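Paired with subunit B in one complex and with subunit C in the other, subunit A is shared by the two complexes that follow.
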Partner chain A sequence: MQKVDQKRRDFVSVAAKATAATVVAPGVFLQSVAQAAPRAEPVTDDVRYGLLIDTTKCADGCNDCVAACDQENGIDQLLKPEGASDALWEQQKPRWIRKVKVQDNLTGKQTDMPVMCQHCEHPPCVDVCPTGASFRREDGIVMVDRHTCIGCRYCMMACPYKARSFIHENVQSKTTVAPRGKGCVESCNLCVHRRDNGEKSTACQDACSEGAILFGDLKDPDSKISMALAEKSTVQLRADLKLNTGVRYSGI
Partner chain B sequence: MKKILYREWGISGPQYWGLLAILGAVIAVAGFSALYMEHNGHWVTGMTNQVVWGTPHVFAIFLIVAASGALNVASIGSVFGQKMYKPLGRLSGLLAITLLVGGLLVLVLDLGQPSRLIVAMTTYNFKSIFAWNIYLYVGFLAIVAVYLFTMMERKMNPYSRAAGFFAFIWRLILTTGTGSIFGFLVARQGYDAALMAPMFIVMSFAYGLAVYLLVLMFTFKLEGRVLGDKIMGRLKNLLGVFVAAVFYFTAVYHLTNLYGTENHAYEAFILRDGGIYTQLFWASVIGGMLLPMGILFHPALGKSHGGVIGASVLVILGGLASMYVIVIAGQAFPMAMFPDKTIIETGFFDGVNGAAAGYIPSMAEFLLGIGGIAIALLATFVGIRLLRFLPMSLADEVVDPHHA
Partner chain C sequence: MLKLANLGILLVLMSLSFVVTSASGPKDVEPSVEGSAKADKLDVCVAPTPFMRRNHFELIKHQRDITVHQGIRLTDDSLAGCIDCHAGKDTHGHFVPVNAKGEFCAGCHEYTGVTFDCFTCHAAKPTKTGS
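What follows is the complex of A and B.
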């Protein structure tokens, strides 16, 4: 009979236990942390978040909301890849919110406004996404699950507001609130991390000194945004598509 | 009509291996291109946040559309009972599979996250036509494989009509799905038309048959097998009719658009002011539809092999140009976000004063697309070398039931 190498058995046993602990423990730990935090509570449709943009207050030449969004969501941390042309890179880097100036074809009246994801009730991007990575939360926020986004960009084809961006390059640094990776699509998520932390505003609203951007709960009749909507005449962009957007504009 | 004999492709070893080496080299270059894009990210392509689908999609969609069309030849034989087409069925099925595989590979390698293909295979949103297409494509491969088996295994021959019928229905649904990728897009002026689905089906008829004719003539010529005038006459007339149908659908699509004022800007962009897109559009209509029709129905040119080769090449090039216009121009044209208003400033390329977005394809994108064609051809040549896909002869006395 062959002699049993006890030392070797002990080593294998310890190694197996150590491996199991290394693999399982972080999961258990994370699980417990996640459960402890209030953000683990399911989002409900008791609220519907949205924005009201008062274009009469939006200042010509001001870009504060864009800069604030870039900083909040780490978009300003993305650097132009070495060797990329400036002109092309401008069109390839992500943009969650942008300023647009339009002129009425009949009257010539000019209007400034920020445009971002309109957080539709019936979002075309969610309809077309093959994997369900593009999804709408119960609270009305439309966003991308970057774990299941395969980078097919069909949502970008489908969005009537050109609200989505594709990450064209390797990501060197990012914020913890807006993780991103090469080859995925992303867009404005109404600073979703702030929702989960119980904050009551978005970065763009905070940055707008003119008060042109108002964030709030569209379902709460006493919220500032609901009261403003009740008073003002507002429109949806591409209202003909009947998407029931969560972002409304006044003064257009 | 004599009994049809099928034999493996018997060209000489050096010819065969030489051919594979050339195609292999093209595929290797395409592989490196895909790796280069995947490693760096899409910034090395001409694609942007405005034009999100580039040249790889043009090739991929062309190949996928052509794949379903290549199956037509088999369908005409077994579903519609045209005896003359029966000997052509096996190659038709093989090309349907290889073209689809070539197209899908290009499509998958152009994903932002190609490594997450497993996610696409396991996580579905059934409201998405893309998700449906995954089933339609994979199902097509399986069904055509079974169809080929019923054609090639004598014991299974009685089932080939049923299999062929099923495959025919499936391919109609599949191309409807491919056309609907664009037809379902409400956001963009150039898409959002139910006509897209039947138009893609008719395009598939023409492109698939053009590819089929070229492969058939090339493989027969290289080995010295006989391709009779009767079969060529049938196939080239059929191609002419299919191309005429593509012309009809193209005309209806644009004339319908021209009737509605809301589409005038888009039509002006495609038909008159779109620069490269306008040039490609008219090149596809004149060079890819009218000219091949003229050749195919010309009393002398249409009967010559050179004429049919020329017409088929023109149909394919015209098809790629049409796809380029549909895919790229449809995105480059600015979205109608503010009706009755003109965008005069924007921080995100929304089309100031109605200007179209720019797109210059990079070499890597183009090479990846070409690689898809090379994969399809390589798989076809290996297939016909190893198995009996090709009939020994398609001479008039072999294929014509009424031949004296």
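What follows is the complex of A and C.
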């Protein structure tokens, strides 16, 4: 009787699995490339991007959205400047999202929420910018053109949401998607590189395991965010300023 | 291909015959292996080489405004595209910054005495997208 070569059988079985995997992988890869086509036409005001934050789902002590934002936009690659104290660095470190806790003093109810650039329709930062570096893109994203920013920081003072950060020192490690250098102001840009590459979410939305952050087009009545806004009771932070923010909060 | 090879030889000769002062590029970087950049394997850039030598900065400057303000990224003239194609790799297969001494950008700019500011903010070698 012929002896079965077990080693050869194992090899064939492993090889077959490996072949199956490579057959699947190119298909997946091709699909993701097809979805993520870089933008070729100028952005228009047919869309207005925004966020809906459900504060009832935002967990106390969770920092996942901030960490994801830091990683996506290269903020975690910044190092404490030489000679700076920890306290100073903690104050000056760029932050595109801040985790904020608010308390109703009458009832004692506490609410956690992420606060980032609110992408106002009438942004005070754009009003005060002396060079036109601070601007609002047609699709509603408020951002800084760092080629024209002179680092005066008027916008940081004008912003009621404390959303902007300043880069105080030279940046050693840079990423392609989020250029950054000494002397410029920056803030949340709703992952603008993802918008221009046709992706559908933001890093913070992807990172939130509770689903507290929802990104979408406020002008599309069929988008998830528009449907949620039509259903839930939501507020704008500092609605009294009549800035018509693109970021809305529910549960506060 | 022939033209690129000629440019390479020219740059080597230049660096031998002139004392070159490095402006702001990274120091102590292992030089890239010749022929390791994507561009080395292509015949032409997005426009003929003589045009690119004289006008690349105009293309990039025009592109930066339409990218930042209009979100257009699908063009030949993006800085990220330049870096992706022209960054060479060292003997370990790691990308070498294009503004390091003798590399694609720094090679000519040092010789011509042009100070440029792109890489104060922009990555000088291809990086992962982050997402």
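One rule holds in what follows: the second predicted complex is superposed on the first by the 213 of 252 C-alpha atoms of A that agree within 3 Å, B and C clash if a C-alpha of one lies under 4 Å from a C-alpha of the other, contacts with A are read in each partner's own complex, and residues count from 1 in each chain.
By definition in this document, a residue touches a chain if its C-beta (ideal position, glycine included) is under 8 Å from a C-beta of that chain, and two chains touch if they have at least 3 such contacts.
Please read these numbers as outputs of a predicted model, since none were measured by experiment.
S.K.: With the two complexes superposed on chain A, say which partner A:170 touches: subunit B (first), subunit C (second), both, or neither.
M.R.: In the superposition, A:170 touches subunit B and subunit C alike.
S.K.: Answer with first, second, both or neither: which of subunit B and subunit C does A:43 touch in the superposed model?
M.R.: So A:43 only meets subunit C here.
S.K.: Look at A:106 in the shared chain and tell me whether it touches subunit B only, subunit C only, both, or neither; answer first, second, both or neither.
M.R.: The first partner, subunit B, only.
S.K.: Taking the superposition on A as described, I'd like to know which of subunit B and subunit C A:185 touches: first, second, both or neither.
M.R.: first
S.K.: Kindly classify A:130 by the partners it touches after superposition: subunit B alone (first), subunit C alone (second), both, or neither?
M.R.: Only subunit B; A:130 stays clear of subunit C.
S.K.: In this superposed model, does subunit C or subunit B come into contact with more residues of subunit A?
M.R.: Per-residue touch count on subunit A favours B.
S.K.: Mind working out whether A:92 is in touch with subunit B, subunit C, both or neither, as first, second, both or neither?
M.R.: Touch status of A:92: first partner only.
S.K.: Identify the partner contact of A:199: answer first if only subunit B is touched, second if only subunit C is, both if each is, neither if none is.
M.R.: The answer is second: A:199 touches subunit C but not subunit B.
S.K.: Considering only touches as defined above, state whether A:156 meets subunit B (first), subunit C (second), both or neither.
M.R.: A:156 contacts subunit B only, not subunit C.
S.K.: Share the list of subunit A residues that count as touching for subunit B in one structure and for subunit C in the other.
M.R.: Subunit A residues touching both partners: 170, 182, 184.
S.K.: State the interface residues of subunit A toward subunit C in the complex, per the touch definition above.
M.R.: Per the touch definition, subunit A meets subunit C at residues 37-43, 71-74, 135, 137-139, 143, 145-147, 170-171, 174-182, 184, 191-197, 199, 203.
S.K.: Using the touch rule from the top, collect the residues of subunit A that touch subunit B in their complex.
M.R.: 63, 66, 81, 84, 88-92, 94-95, 98-106, 110-111, 115, 124, 126-133, 148-154, 156-162, 164-170, 182-185, 237-238, 240-241, 252
S.K.: Provide the residue numbers of subunit B that touch subunit A in the complex, in ascending order.
M.R.: Listed in rising order, the residues are 40-43, 46-50, 52-53, 111-113, 116-117, 119-120, 123-125, 127-131, 134, 181, 184-188, 331, 335-350, 357-358.
S.K.: Sort out for me which residues of subunit C touch subunit A in the complex.
M.R.: 64-75, 80, 83, 119-124, 126-131
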